[in-house]
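Chain naming follows the written order as A, B, C, D, E and F, and within any one chain the residues start at number 1.
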């Protein structure tokens, strides 16, 4: 598939992705280049607001169809079951302790909003006509994996009874979920009229903000890699192959549940992506004995760059081949 | 200057569980405290840096002036808490004015 | 007035206002969604810069006419006398202590720049041709109320003699006043040439930044409401009715001093708005015994949402009916 | 290691009046201090959070190493100051090198 | 509550050389510390404010609980360090739980 | 040269420069107007990203010609030798101690990215056709001066042997150099295709961000001036005349090495500018005994405003007269 390869190269050469590479490079060389925390948090808020709002406006154009329900159901099921596969792989192959394996599995069952952003930019450039409602699917896929992980961790979950109620509230009302869903609803409600007001803010500005944000993600990923103390070959292999397994599971389930091919391409990218914003905070609360040096290094340091640089065009090509 | 001896608690906890420690302080009768944000640190479990992406490893410092008794009760509770969660705590003697506040 | 109602609904449905509602909602449900402080401060600086600059350019187009002096004088007088009315209402009806009543009164005599921004967006959408110099009137109305409040507080003001001189300087050189006036002057001086350079920055970008800022204001207002300890029914009623009283006073004085109707609509919105940036800081210095749990909850937690969601279209409709 | 006993002042004040406390430190002969920003707190008058909108309730921590005498004089002045303004202060013993600096 | 006496190091250094002081802590056997960012300060060399442009004068506070011996060794090294670089350090007694950590 | 004067006035009247004046004014009057640190750092990152990227795209249009090598070589030589002249002036005329003189000299040998931004805006408005590769020259000129300064300081440099290796790495991998060069390369690699994605972000947005950043620089410069304790008349004269000397040296060397006149105008502005981001941090590490109250006050408090308000049009006029 030489065409896929040249498209992959093209994907590699967008400014946003190259700024990620610049951040990675600067971080690995220990440059003192740094994006202030407050800026990184604000850029993340902006991205979720823009992604949610755009998705809402697009959904208001098309209306909520059966396609949405197919994609949503597939996404939720994937988020519940991917952690099970990840957990057993981490336990048996990488010989990780139960708690860290469960926490890491939660990351792989959940999703990365920025991988979604980069992936949909790529699909748009290719003219793949996925639905605007896929933003809502992102939000649906953020949290189920956390519940699976808590079951997998069993008695090791912290804080016993008292905390459980709190935790559920904290997970469901997680800031990124609320902002993504809220912006989606605002986009859906205000439609074209709303877009007329926010057009410049959410559209042409988006690429630039994404570039700055990816610069920071490169720097953070590099620090994770540099400071990783507990990395082993099986763990690295897991972080590189789990996305492929998730992608395969996603394609199979999409075929089964009749997800339309364009949406299935987005789902494959989401399934392959791993969380690094919402899930880590939930894990610090629920599974504090799990080692963040493992799950953040794998999701942010290895899987995210892999997806950004190689995965996205690959998953798209496979979906196009398999599902047409 | 007329001062009175009280105790100062300094507690470092992870940001996601800050509110749980604050609940302990409140329940044990500590009547005031202030919270500060760390920028990085080093410990048994490696290094962390506040970074704005995940924020999961960010640390907070709780600074609380209180009575000897309340400090003791808080420590008692924190022993159990720190079995589950990472963090450190220390107590020291300080002189304060307006001792009835603490 | 069914038309007014449908316009009000329209106002409710702008993305910016809906993002405020989202913030309020997320905050009341205790979501961990949060905008970093540094970002909120920077967005506020941006809004003042853009508002001031746009007003200055518009003023340079029209020139400074007698209309400006009428509106400015009306605004200053309102800022001086509204606190007196507020103070006696708070003392007699809400039975507030002298110092907290005076500090709260200062907030209602001063103005909210974001209410001004939302209000003028609404008026622009309706085609109400108010003057660009109204931005300068905003700046004029920020501080007189503080002086009235200090007189009303009497001996309770802190720090005695030594601090007074400092306080006056701090109030007059308050950052938001300086930035608003400075940007207005820069807009007026550079005119169309300046606008050619900053057009995108201050115009199409504005709605998006306002949306993000209002999201944060919703979160902050919700926390105020959640943590309010000293709220009483009379205080809540005050926060809901004082804007109406101020609006009425503003309309009467506008008629008396011959303010043109379009400007009077802006003045009514300004009079009804309450400060939550400049005045609170001045009160922490001058009246530290006043309870911020009262004045910030009333101005930020009740009056601001009320004005944004209901007040603005209402005041406009009343001004249109009364002053034609 | 040769160290000398000095006093450490820790003062929590509201950001809008920080400069007034710094003026007291200077006038009483404290020769150095460092200031840190709090992120939230709890006290007799309720909770506060640094928020970026009003900033009126934001708190600062002043950390000052100084001589016993200067610390005493500062406390004397702060008694009056804290009658008007909210805040807390404590003093404790510390060991320092280069004692002539403080 | 069963506590044990340990030492608390508080070190103020300039941000550009923070990592050099951290290297000293590590080499002298300090097993954990936390870092905080100052917002302004005053000293023999004048005032500084954290400002975002040059950042050259920004200060960091290192807060480290450690054993008496490690604290002494660190002070020994810091004497030399502070001959070259600006900054202050103080040590004090604190009570901690889980003393084997420090 | 009345035309040059009217152009200078025009330069003075851009919004960005007037916002600098506003910041200076507010700061000198001790207004509490302040831009959060995190925002200032982020705006600086944005400016470097945008400047680098635009330069890279322009360079990809023109290709790397001999002109680039001439300008680059001239810039590097200037950065090495300007500190020597500055050092002897500071030692003999201003009677500064060796270490502070060396550190200050490093600032004047290095460059200011914001002066470059303002200068190139000015030249663009005049239609001076300098090369896009001049951004790369900025990066080349950032660090050589630091090496000269260390030699000039001699035995006073801190930390002895051990630190030297570290310092070199820190200086070469300085965040602003890495971001500027990296963005330049990304611009050069992605060319028009990249520009299509980031156009709005790096072009029309630029002026607005520059205005906000210069507002902050005005505030910071004012604080420097207000708190300057060790200022003497010779030091102030140095900060006002050294840029003229550097400009003259730059013109002479440009003529000698055959730099084309448009590029020579940029080089003159760069030579006259003084660093206040990268060099101060390097000096705190390498020459901690040097007094930042001297070098930051001179570069940020005096030379930067001088260049922005007077220097830029002056240097351009002189280059145009001398080199045609």
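Annotations for the structure displayed:
We take it that contacts are C-beta pairs under 8 Å (C-beta built on N, C-alpha and C of every residue); 3 or more make two chains touch, one makes a residue touch a chain.
Fair warning: this is a prediction, and the values are worked out from it, not measured in the lab.
Looking at the partners of chain D and chain E together, the chains they share are B.
Between the contact lists of chain C and chain D, the overlap is empty.
Separation of chain C from chain F in touch steps, taking the shortest path, is 1.
Two chain pairs, E-F and A-C, are weighed by contacting C-beta pairs, with A-C ahead. Among the remaining chains, D is positioned farthest from chain A, on the basis of C-alpha centroids.
Bringing chain B onto chain E by least-squares fit of CA atoms involves turning it by 120°, to the nearest 5.
As a whole-number value, the distance joining the C-alpha centres of chain A and chain B reads 34 Å.
Rounded to whole angstrom units, the spacing between the C-alpha centres of chain A and chain F is 40. With centres set at the average Cα position, the gap from chain B to chain F is 45 Å. For chain D, the set of residues touching two or more other chains reads 36-37, 92-93.
Counting partners per residue, chain A has 35-39, 41, 200, 205, 281 as the residues that reach two or more other chains.
According to the touch criterion at the top of this document, the contacting chain pairs are A-B, A-C, A-F, B-D, B-E, C-D, C-F, D-E, E-F.
Those residues of chain F that touch chain A in the complex are listed here as 36-39, 41-42, 45-46, 49, 53, 169-170, 173-176, 178-179, 182-183, 186-187, 189-190, 193-194, 197-202, 205, 281.
Residue ranges of chain D in contact with chain E, taken from their complex: 1, 3, 6, 8, 22, 25-26, 31-37, 60, 63, 65, 92-98, 101.
Against chain C, in their complex, chain F makes its touches with residues 13-16, 18-19, 22, 25-26, 29-39, 200, 204-205, 207-209, 211-212, 215. By the touch criterion given at the top, residues 14, 16-17, 20, 45-47, 49-57, 84-86 of chain D touch chain C in their complex.
Chain F meets chain E in the complex at residues 35-41, 44, 158-159, 163, 216-217, 220, 223, 227, 229, 276-277, 280-285, 288-289, 291-293, 296, 300.
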